[in-house]
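So the structure is just underneath, and the comments pick up after that.
Residue numbering begins at 1 within each chain, and the chains themselves are lettered A, B, C and D in the order written.
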Amino acid sequence: MHIINIFAIIIIFTVFYMATVKRITSLINGFLVQSLFISLYVFSEGVLTKNMELYSVAFILFLLKVIVIPLILKQLIKNIKGAFSISLFITLVGMFLMIFRKKAISQIIGLLVMENGLFLLAAAIANGLPFFIEITIFFDILVSVMILGVFVYRINTLFTHIDTNKLTRLKG
Amino acid sequence: MEIFLILGITAFLAIISFFIKNYKALSLVNVLGHLAVLSIVAKLTADIYGNGASISMFNFFYADPLSIFFMLIIGIINAASIIYSVSYISNDLKENIISSAKASLYYVLFNALAFATFLVVMVDNLGMLWIAIELTTLISALLVGFYNKKNSIEAAWKYIIICSVGITIALFGTILFYYAATLTGATSINWTNFMAIATKLDPQILKVAFLFIFVGYGTKAGIVPLHTWLPDAHSQAPTPISMLLSGVLLKTAIYAIIRFTIIINKSVGIEYSSSLFGLFGLLSLGIAAGFILVQKDIKRLLAYSSIEHIGIILIGLSFPGIGIYGALLHTFNHAMTKSFMFLGAGNIVKKYKTGNMNIIRGVINLLPFTGTLFILGAFALGGTPPFSIFLSEFTILMAGFQNKSYLTCGLFLFFIAIIFGAIIHHFSKIIFGKEPADSKVKGYEDFFRTSSISLIFLFIFLIAFGIIVPSFASKILLLAAEVIKQ
Amino acid sequence: MLGVVTANNGFFFLIMWELMSLISYFLVVFDSKKSKSIQAGTIYIIMTHIGTTFITAAILMLFNYSNSFDFIALQNAAELIPSGTKNLIFLFLLVGFGTKAGIVPLHIWLPYAHPQAPSHISSIMSGVMIKTAIYGLLRFVFIILGINALWWGVLVIILAAISCIVGVVYALIEHDIKKLLAYHSVENIGIILLGIGASMIFLKMNIPSLAILALIAGLYHLINHAIFKSLLFLCAGSIYKATGSLDIEKLGGLIKKMPYTTACFLIGAMAISALPPLNGFVSEWLTLQALFLGALNSSGFLRVFLGIAAASLALTGGLAAACFVKAFGITFLSLSRSKKAEEAVEVPFSMKFSMVFLSILAVLFGLLASPIVKYLSHLSQYIANIHLNTSFALNNFTLIIQSKNPIYLSTPLILLLFLLIITIAYFIIHKTLRSNKVATNKTWDCGYYNLTPRCEYTATGFSKPFRLAFSFFLLPQTKTEKVKDSFYHTTSFKHEVSTIPLFNKYIYDPILDLIMKTAKITRKLQSGSINVYIAYIFATILLLIIFMGKF
Amino acid sequence: MKPVIIIVQALILILISLLISGIIRKIKDNLKMRKGASIFQPYYNFLKLLSKDEIISENSSWIFKITPFIVLAAAITATCLIPLFGTGFSLNNMGDIFTLIFILALGRFFLSLAGLDTASTFSGMGSSREMFISSLVEPVALLALFVVALNSGSTNLSLIAGVFNFKLSSLVAVIALFMVTISETSRIPIDNHETHLELTMVHEAMLLEYSGRSLAMLELATHIKQMVFFSLIAIILSPLIILPSFSLYQILFTIAFFLLKILIIGAFIALVEISIAKMRLFRVVDFLGFAFVLSLTALIIQTWGM
């Protein structure tokens, strides 16, 4: 039981480490370590609860987050430098959230993470879009979140769950 | 000046229809409004027909022949759709599927969508272009989820999520474009200014940026790997809305991509964008052909055929010279034919109460008027000569052959043949044959009077552009093509 | 159809061409209650559309070199097309026009579409519409493209010979009159193409007089086929009107009730199986002469090849005669096999008039061979743009071919001789020996039971030897079924004979299954879960970035 | 002058034809060690039938009545095409060997129609078999004559008769033509013209319903058709001598020589009839297939120039 707690602690440490570190490559390594421990954590959870599904989730997490993503990010880094890579990284993480999360709310959050990644990008490399555009984009996101909220409410009333990967009535 | 008028009327209609309670007055106001808008657009086209100049005001609005051409499409389809939705919504009211409050909400959203789509085409500022497209997605998502049934909500949810992801990526691309512009010292994000400094921009960043733009706005345009939301949204939306979605919204996304292609062509050169278009065009054509073959629902089939035609437009854009003229012509023809077909499908679905093609039979006996027009439309969609789609496909093919890209044209012809076969196979099964016994419901006869007006209104365009493109239309198309080839 | 023939610009030609097939599609699906006619219509329009795509591709390739659609411009630009593309364009044109004409591998729509349309429509369709395809072939290949390689003619002749034999063999086992006639259109198109293919070869070997002769033969058969095929379809239409059924097995004995239709059908049958005085014989004779003289002037492989083509033409002639003996004999002669055939009544005047008019035309075209041949020789000289003075008509009765050792043919003389002999025989035998009486009595029934219509010879029986002889090609399937009351007592015995449609089974069905399978695979793409959809977007972005360099 | 000779020539051929079949039957009987009927028996049959009454089945139509005339006319037109005395003396501006084949096909077409007309199963079966065999025979006959015509440069019968170019390919073609004659004149291996057994008769079955005068005409037509085939082979085998002067002695000599050739062919036919038993209907396909291959080899030999 206590091994899992140790993993959780290590994960927190990696978050702090990532928050502080300057260079991008070490940030990616931090991400790599963090996702390694998250997969171990899930794996041990699986061992405890004997639930097969967790093993597979752990394995996919391990495969993607530890091997594929860092590789791609390193390849990307080679030709563009500076704060650009952080924003690119955050957008991709946001997108990641949307792909791998089931709940509707987490998808909205994923969307927002992507958008603030873009704001960071705009601020970093082009020291901000023309002021008027920034404000309207901000209002735009506000409106879209409101409408998304309306839809989540409607899904909840109709489907009595907000689990998006059950929303598969329309096929083919 | 006209630009303000158009935007003003649509905004005014949106607000007004919130307050008018009596449905008759509401629909009358709306129809008149939209006809007025159409006449203004027509006047605008007449102006630039003369001198081919472009109007730009306080470096925010910008209307060159290309955007006016798209305005024409939006105007016509809006007018047809509003006429149809008058009877469509009144019929829903009568069967009290929706309350009268919902009806006025429908008109509010309809006019808001019209406002947003006109905005997209008029704005010069690329950031503003992004915001306008984001607005169209949000409003149309509400309209797709109008009926508050399980399927339509799911479709709306998928539509809004996928398109928002796509548009965020497009924002990513726009920012990169702006970054490239700031490197050369420019500050304004206006399209005209980009054109001026296009040659000085750093090609490496532009290439990456264009990829993001292409994927971003591509999701909104329904290019294949990103098209997943399109069949659900189009088949679940109420008919006038799916007509708008297919006819107008996909075209606005294509408009946005064209705007960026002009910049990239100027700075990086033609082959980069044309190879991208050619690849994705063929991909959309092929996959759409596969889907159309196995479809069971009329509206989904029409949605997939929109993907197919978007693929054709992309292939058209990938051939320089006359190909661009053909692609623009095809955008116009497809907008007309597809909305025409959606109207027909709407009537059929209303009559048979289901979209499933295995149940629908003998449409020609039950709805003789819609039936005949529908089968003619089916042939038009398949690309048979007397209709306009054949003319534009033929121009694209001509450009293709002149461009010596025989493989693309070969595949193009092969997929067109399969799709023609699939469409005829499906539609001839539902049009002819013995109608099911229990479908003698007489309720919809009056419904068809008003809808037939818009059917005929669109059918005229199908035939008019069939054999030879009328001179004034081809002049506008040439001007628009000039803009692209700049 | 007039549009197709009068268009002088490639683009309008295409538009009129597709318009023609579109309208004929609606005619085929005219009485849309029967689901068979919808299916037939769909097959028909899809096949013709595929054909048109090939023609469009060919015209566009031509357009590349002349960048104007006008026929004359295309013609001048034809010289500078490299021979590789010329062959490709020729193949596209052949496939495109082949689907419309109904050459063998592409003929499957013909036996479906023609019988579904009302008879007068199908008479126009097979009489005239198929010929527009031949017109297209002549216009594009002969005039615009010019003959480029010898193998063109050889390929056309091979296809023609195969479609002759296949058409006639399928017609033999067919028991529905209109399907039978549709298969015969395939066979006659083969004969026309034999003539045209032969003229292609001779043009390439530049023997102008023979090329003209072969072209005349092809065109002449084209006109004849238009006449007697529409005649036969009209007769089939009147049979359908009178008896309400087209299946030969149920008809019989119509000769006593419908004398006009019988006479016209007989003339049509004689014309199609190329019996002397009528027009079918003259054009088939001309094709044979063309093949013979071609063989005479060529050597080695080509001579054997032309000989085999002539033999296949003869085989088709023989089989066609057998098929029409079956069709005519079983439908019109002896006792009527069903109540419907019993009460058949002659068709009204308007139908009779058109049938009689066409049969007179058939006879006339047979007799007035030489003036027609004179006109056709000018025509074919224009098509093949060769100018020579020999016209093949000695005087307005006899045809003369190859002045060195002349070969003659004069159908009026044959007819004259026939009538002369018949009158002499009649006078000698009937008038001089008037003493004998002519009594009518029952047919010989081996003496112990009365002959019923059931014991007449049926169409299936008639075509049984052919089915067995060509079993390697038709793959006959027999299904027998015993209807039993109890274990021991069988009340009735059902025997069904069917043949596998070879082409559908081995060429068209596999292609269709392949396309459907790939379509089903693509269907899985739209799996419904939103996460997968976003993964698609993600994947496209990644792939594009990785492969960015390649663009 | 020419038409008179042609008519005389046709009359002689018609008269001789009955004699020839009488002689063939005589040779067959003698070979079977039987006395056999006199060689003039066919004449007696013909005259007897002429004087008999005629019975027509009630089911049949006008086709049944006119078929005898058309079949006879077809046979006689065919004879006019054959040049008996000399090369010039045939109605050759009417047609050539292809026309000959098609005219015979016309006769056969109407005969099988009459067979179907009388609603009796035997004659129906007969016409089906007749059409089956003849449709397989036609390509063989055409190809064989094709080869012979190639040798002599034109399909005009009188020209073929005139030219003496006796090559190997013509010989092979003549053998194929011989097999065609056997099937056309319904001789033993393919069809038995003497019996009335349903299984074996093909040509006879169609004449089953006829009686009296029309049977006489049809019998005469079969004999003439046989004569046409024999004379065709005779001409190809050894061409006619061109008449230098139009003296009586010259004509008698050519007729005698022609008669001799026909007799030899007739004897050969009788020999074949005696030695082979009748084949089953579907073995006929192989028989005619062999004949077709034969004519094809003749064509190939011909292209090698032999």
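Throughout what follows, a contact is a pair of C-beta atoms (placed from the backbone, for glycine too) under 8 Å apart; a residue touches a chain by one contact, two chains touch by 3 or more.
All figures in this text were calculated on a predicted structure; none of them were measured in a lab.
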- request: Would you identify the chain whose Cα-based centre sits farthest away from the centre of chain D?
  value: A
- request: Could you grab the centroid distance between chain B and chain C? Build each centroid from C-alpha atoms only and quote it in angstrom.
  value: 46
- prompt: Can you give the whole-Å distance between the Cα centres of chain B and chain D?
  reply: 79
- line: Cα centroid separation, chain A vs chain B, in Å, comes to 34
Field: Averaged-CA centre spacing for the pair chain D and chain A, given as whole angstrom
entry: 97
- line: Among all residues of chain C, those touching at least two other chains are 523, 526, 530, 534, 537, 545
Query: Which chain D residues touch at least two other chains?
result: none
Query: chain B: which residues touch two or more other chains?
result: 157-158, 161, 165, 208, 231, 291, 294
Message: Thinking of each chain as a vertex joined to the chains it touches, would you call that graph a line, ring, star, complete, or other?
response: other
Query: Residues of chain A touching chain B in their complex?
result: 79-80, 91, 95, 98, 104, 107, 111, 114-115, 118, 121-122, 125-127, 129-130, 133, 136-137, 140, 143-144, 147-148, 150-151, 154-155, 158-159, 164, 167, 169-170, 172
Task: State the interface residues of chain B toward chain A in the complex, per the touch definition above.
output: 125, 127-128, 130-131, 134-135, 138, 141-142, 145, 148-151, 153-158, 160-161, 164-165, 168, 171-172, 175, 178-179, 182, 187-189, 204, 208, 231-232, 235-236, 291, 294-296, 300
Residues of chain A defined as touching chain C within the complex: 72, 75-76, 92, 95, 98-102, 107, 164-165, 167-172
Field: Complex contacts: residues of chain B adjacent to chain C
entry: 157-158, 161-162, 165-166, 169, 207-208, 211-212, 214-215, 219, 225-226, 228-229, 231, 271-272, 275-276, 287, 289-291, 293-294, 362, 364, 379, 382, 384-386, 390, 394, 397-398, 401-402, 404, 409-410, 413, 416-418, 420-421, 424-425, 428-429, 431-434, 467
Statement: In the complex, the residues of chain C that touch chain A are 523, 526-531, 534-535, 537-538, 542, 545-546
